[in-house]
Amino acid sequence: MHFVAARDLATALDARAEHPDAELLAGGTDLMVEVNLSHHRPTGVIGVRACDELMEWRDGRIGAAVTWARLEDGSARALAQLARTIGSPQIRAAGTMGGNVATASPAGDGLPWIAAMDGSVEVASRERGTRLIPWNEFFVGVKQTSLAGDEVITAVVTPDDAPHVQEFAKVGVRNAMVIATVSCVVAKGADGFRIALGAVAPTPIRATRAEEMLNAEASISDLVLEEVARLVSAEVRPITDHRSTESYRRHASGVLARRLVERCRAA
Amino acid sequence: MTAPTTERVAGVIGESTVRPDGVAKLSGNFAYGSDLWIDGMLWGATLRSPYAHARLEKLDITPAVTMSGVRAVLTQDDVPGRARFGQVEQDQPVLCDGVARYWGEPVAVVAADDEETARAAVAAIIVEWEPLEPVTDPDAARAAGEEYRAMVIRRGDESAAGSVVIEAEYETAIQDQAPLGPEAGLAVPDGEGGLDLHVTSQWVHIDHTQIVACLGLEPDAVRCHPVGIGGAFGAREDISVHIHVAMLALRTGRPVRIVYDRTESFAGHVKRHPARMRYRHEADDDGRLVKVIVDMVMDGGAYAHTSHAVLANAAFFTVGPYNCDNVAVDASVVRTNNPPAGAMRGFGAVQVCFAYESQMDRLAEALGLHPLEIRRRNALLPGDPMATSGQVVEGSLPTIGVIDLLESMPLPDDVIPDDPSLLPGGTGLTTPRGSVVRGVGYALGLKNLAFSEGFDDYSEVRLVLTSAGLEIHTAAIEVGQGLVTICLQIARSILGIENIAWVPADTSTIGSAGSTSASRQTQMTGGAVHEAAVKLRDHIAERFGDDAALEEITVDGPIEQWVRYRHPPTEEPDELGQGNPHAGFVVASHRAVVDVDPELGLVRIVRVDTVQDVGKALNPQAIVGQLEGGIAQGAGFAIMEELILEDGVILNPNFTDYLIPTILDAPDVESRLIEEPAHWGPFGAKGIGESPTISSTPAIVAAIRAATGRPLNRVPVRPQDIVGV
Amino acid sequence: MIVDFHLNGEERTATVVGWESLLTVLRDNLALAGSKNACEQGECGSCSVILDGDNVCSCLIMIGDCEGSTITTVEGVGAGDLLDPVQQAILDEGGVQCGFCTPGFVVTAAHLFANDPQPDEATIREAFSGNICRCTGYGALLRAFAGLAEDES
Amino acid sequence: MTTVAGIVLAAGSSLRMGEPKQLLVYRGTTLLNVVIATAEASHLDHVVVVTGANAGAIEDSVLVDRAVLAHNADFEQPNMVSVAVGARAVDADAFVTLPCDTPGITTGVIDAMIDRWRLDAPWAAITDYRDGSGHPFLLSRVALDEAATVAGPKVLWRFLGDDDTGRVSRVTVDRAMPPDINTPADYEALLGDA
C-alpha cells in the first residue's frame, strides 16, 4: 500500500493528482471503521492530519485538519458546543472538521452549523486551484458531496458577517458517544434568525419557512415560538430507522428550534 | 497462553480484600480469550447467514479452498459427530443444515494462515439463498404451537375476586449482555486425535459434553480449559466458537484460533428473552393481593438453548416477593426466527419484575397508598408460601427489611442541577433547567438462588495443602465478579493460611463446578471451598493437633481434600406448577430518582439507591461492585439498551447503535446491605449477582412515570414513548 | 511498508501493509496485547493509547500514519507489576472486575492526570465518557479518580 | 539407512472430469491437499508433489508441510514422466507413487509399502487389494532408471503389472481397492462415502 504523509498542501495535492485511487485520511474515525469491518482495503492513502495549511484556524476559516478537541475551545459558540458532543474525548482528539464534511453523514454534527453560518467548503486541486463551494451545493445527498476526485477539502469558510449569536443542541438517547437523532443550530445575525438542522434529511437543511415567518415578526411571542416549532416540524424530512422515528424527529426538531430561538433571544 | 493464575493477597471474610488478578489486569498482562496466541496457529473465520430465514440453495467453497493460505473450509457435512448441539435440546446445527433459522447463523468456517486470508476466504465462498418468510411474532409462533415449553401454574381459587382490579399488558425488548471481551477460542490438537480447547466460557463442563458429542470423540480426548473472561452476564453459557474451532484444529492438525468481531459477537451469543406479559391483579380495599392472573409469551428465537429454564423462572416469579393465594399463570416460550435467546443476568426474573412492579405501583395509586406501603402489606416472608408454586420460603428473606431500610435512606435535595451535563440531554444542551421534572420510583425484586426444578446442581473443589500453602483446584469460572477473591477469603478464614493459590482446572482434572450464573458461585463453589476447608481443618486437628506447623503437617507430602458440594435438593413441580422447585431466595429493593424533559422525552437518572439481602457480606467492596454494575445494566435496559430487529435481522449489532450507559449516564448509587444468614452456603452468604439488574429497571421506569404520568408499559422507554408521538 | 515509532520509551519498527490499525499492529505484530479489541469502531475506549500527547482509540489510527509518532500503551503506564498511582487507585477502590476495559481506563487516567492533576468530578466524568465499562457501573472508578484528585490537593 | 520418497502425481489435465481434479473440494480442502497430507503423515522420508496442468492455480492452493514441489512441463506425457521428474527432485533409494486422484490410499497402505522396502529392498513392488492390484507402486532406483527407458502409455502398469520376471514384489492389503476419481460420477460417489 502506498502511504503519503502530507506535511504541506502541495504534497497532498500532488499525491491526489498522481494517485486518483488513494484515500484521504485525516483523523481516521470514519475510514478506519470501514477498514476494521473488512468493508474496505485502501490501495493508497494520503494522510493530511499533519498538513500545515489544513491545521490552520483563524476567524472565518477552519482548516480541514483542525480537530474537534481544538474546536471545543473556540469562540464560535455553537461550534464549541457541538464539538463537545462529538463522539468521545478520544474521537475528538483525532476527528476533524474536514473529515466530518467529507463523510457528509446526514447526522454529521458539524454540518448544521456550516448551514446556519451560510458557510462554504474550500477545496483545492493541483490542476484547477482552489474553489469555494457553498454548503448547499457541496452536500448533495446521503454521504454524497460534490468534491471532485482530484480535490482535497482544505477548509470550512464562513462569511465575515456570520452571526456571533449562535446556539446548538442535539438529541441523542445517551449522554456521550451518541449519534444525533436530531441536531439543530439557531443563529441570530443582522438579517435575522437562521435555523439549521441535522439528521432530519439526506443533507443538513435550513428551515427557511420558519426563518421567514420568524424574521417577519416584530416581536417573538410564545405564539410565534409555537409557530416556529410547528413550521420546523413540518419542514424537515426525517426517516424512521433504528435510531428513532420520523414522528419523533419531526417533534424534536420543532422543540429544539423553538428552544434555541429562545436561547438566542436571551443571549 | 496459560490460563490466569492467581497471586496471593491477604484477607479473610468480611474484608474488602483486593482482587488477586487486579495487578495483571491493570498492567495489561492478563490473558483473555482473544489474547491467546501460539506461534504457527491458524486463524479461523465464519461465514454467516445474512437472512433470518432462508434456504441454502448453493454453497460452493471451491474458491475458498483453492485460495493460497487457506487450510480448511468446513461445512455441516464435515461435522464428525452429532450434527446438533444444545444444553437442553440438541436442536442447533453445528453449521447450517440447509436452512438458516436466524440472522448470523454460522454456515461455514475457515482456517487460514492469517486473519486477512481467513476473512477473504469467507468472502470468496459462493453462497446463494432463497429467502423464506421469517416468523418474527412470538404470538403467532405460540398460536402455531411452536413452543419450546409451555407452563401452567394454578394455585388457589380462580373465582376469588378483589375490589380493585388492574389490568395491563407489558413488553420487554431484547437486551444484550454486550460483554466487552469478544467470544474467543484456541484449539490445540494433541497429536493423538484429541485436543485442548481454551475457550471463553461460564461453564466448561457443559461445553465439554456438547463438544465431544459433536466431534464424535471420547470424553477424555477433549480437555476444555478456562481462559480469561472479559465479562459474561449469561452470554457465555452457550456454545459459540467451541465446536467450530475444534473441528478446524482436528482437520488441519494445527492450532486454530477464532476471535469474533463485535458484529459477530452480537450475532453469536444468546440474548435476554423479549417478553409480552398480560397481567391482571386484583386486591382488596387494603391493597392486599387477592388474585393474580398472568399470560405471557417469551421469544426464544431460533434454537432452544436455556429457554426451558428461563421460562420457569419467569413463571415462578410472576408475582414477585408478594403473597397471593390465588394465582393463574399461562406461560410459553416459543420458537421464531429471531436471534436465539438464553441466559442473561436475572434469567427470566427481569422481564416479569418490570410487569409485576408496574402493577403494584398502579394498585398503590388506585388505593392512594405509598408505593412502599403496598409492598410492605404484601411482603413475602420466611414461612410464607410462594404465590405461584406454593413452596414455603425457607431460610432468610428480609422483604420488610429491604423496604424499611430503603425508606430510611435520605433522598437527594430536590434541586435540579446547574451543570448542563447533569441534565437530561447532557452536553447535547437540549434541556433548560426549567423544562425538567423530577420523579421518584420504587421497586422490589425476587430471585432464586442456584439451579432449580430438581437439577442435580453441584460444585467440585479439591484443596491441596503443600508445604508452600494451599491450592484451590476448581473448574469454576471467574468472569470478573470476584469469585476467586471470595474463595481465597473463605479458605483463609477457616484454615488460617495466608498463602493460597487458585488453580484453574480443566475438564479432565476435576468434575464440574457448575455454571457461573444463577447467582450461584459464591454459595456453590464458595460452599465447596468452605466444606473442604472445614474437613481439612478437622483432619489436621485430629492428626496433628491445633498448633502444628505447615511443614510438619505436610512432611509426608501434600494433603488433599476433595468435595462435591450440593445445595438442598429441589423438585420438579407438578403439572400445575406446585411443589418445591427452588433452593432459596434473595430479595432487593431499589429507589430511583430521575430528571426528565417530558417535552423531548429525555431522561437523566440522578441516582438509584438500593438495599440488598446478602446473607453475609463476604467482601463488601465486591458486593458494592456487583450492585453498582448491575444497576448500570438495569439503567441501560430502562432507557437505552435494545437490539432492534427488522425481519429478524439485527439492525444495530455494534457499539455505535447498541447503547450501553457511559460514565455520564450511569447513576450515582448508594447501597445498604442486610445480613440475615442464608440456610445454606458459606457463612450464610447469598449470591447477589443478579438482584441489582432485576428491580433497578422497574424502579427507574416508575420514576419516569411519576415525573411524566405516561403509562410506559414497555422497556426500554424511548423518547417517543415519553413524548407520546 | 516499514513504520518506525517510539513506543513506551523504545524505538520500534513494524513491517505492515499500511492500512492496519495501530491496535492490530500492537496486538498482532508487536505482542502487546494490553490494548483491547472490544469494538474496533472507537465506541468503547478499550484500545486507548496516548499518541503524540493525545488520548486516542488505537483502533482508529492507521499504522501508516504513525511514522515517527510517540505512543504510550497501558504497558507503558506502570512498570509491569509496579503500578502507577492511577492503577493503584483503581485496584484499591475495586474498579477492576472483568478488566477488559481496564487498560483503556488506565491510559485515559494517565493522560487526564498528567494534564490536570486535580480534576473536579464533572471533568472526570467527561474525560472518561469514551470508556465503556460493562461491569462496575463506574462508581468504583469515580471514587478512585476523585480520591487521586484529592490526594493531589 | 536407505530412504524412500513418495511422489504425488498431480500433473494430469483431468480430461474426463472437465475441471482440475486436483482442486476438487474434499474434506474441507482440495483433493490434492488431502493426498499430500496423507503422504506427509506416513513414514516416507521425502514427499514430492509433481504438478503440470493448471500448475498456477494448484500451486496457489497447495498445502505442504514437508513436501516439496516439482513441475512437469511435459504433463501430456504418461505418468512415468512425472515419476521421473519427481525422482530427480529428491535424493532417495526408492520411490512410492501416489496418484492425486486416489485419496483412499491411506497412510497405513503407504507405510506397508515402506515396510516391505525396509524388509527386503525389492526391485519394485505393487499393492494387491482384495479385488485387484494398484497404486501405490514402489520402484527402486534401478527399476526407475529401467522404466524411464520404456516408451508409450501406461508404462507403470505395463512395466510392473505385467512383469513376469518375478522381480516385482506384492504387498497385500486386506481391503477393497481405493477408487480413482476420474469423472464427476466418481467424485459424487466419493463425497457420498465421506
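Residue numbering begins at 1 within each chain, and the chains themselves are lettered A, B, C and D in the order written.
By definition in this document, a residue touches a chain if its C-beta (ideal position, glycine included) is under 8 Å from a C-beta of that chain, and two chains touch if they have at least 3 such contacts.
Owing to the predicted nature of the structure, the values given are computational and were not obtained by experimental measurement.
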| item | value |
| --- | --- |
| A-B compared against B-D, more contacting pairs | A-B |
| Approximate Å spacing (C-alpha centroids) for the pair subunit A, subunit B | 41 |
| Distance from the mean Cα position of subunit D to that of subunit A, given in whole angstrom | 68 |
| Whole-Å gap separating subunit B and subunit D, where each centre is the average of the chain's CA atoms | 56 |
| Rounded Å distance, subunit A centre to subunit C centre (Cα mean) | 29 |
| Per-residue multi-chain contacts in subunit A, two or more chains | 36-37, 175-177 |
| Shared interface positions of subunit B, touching two or more other chains | 261, 421, 427, 656, 662-664 |
| Interchain contacts, given as pairs of chains that touch | A-B, A-C, B-C, B-D |
| Subunit C residues touching subunit A - in the complex, by the definition given at the top | 1, 17-21, 40-43, 45, 48, 54-57, 59-62, 64-65, 67, 108, 126-127, 129-131 |
| Subunit B residues touching subunit D - in the complex, by the definition given at the top | 61-62, 65-68, 70-74, 77-78, 251, 253 |
| Complex contact set, residues of subunit A against subunit B | 36-38, 81, 84-85, 167-179, 181, 241-245, 247-248, 250-252, 255-256, 259, 263 |
| Residue numbers on subunit C that touch subunit B, as the complex places them | 27-28, 31-41, 43-44, 46, 73-75, 77-78, 80-81, 83, 87, 90-94, 96-103, 106, 122, 125-126, 128-142 |
| Residues of subunit D defined as touching subunit B within the complex | 23-25, 27-30, 33, 37, 57, 60-61, 63, 191, 194 |
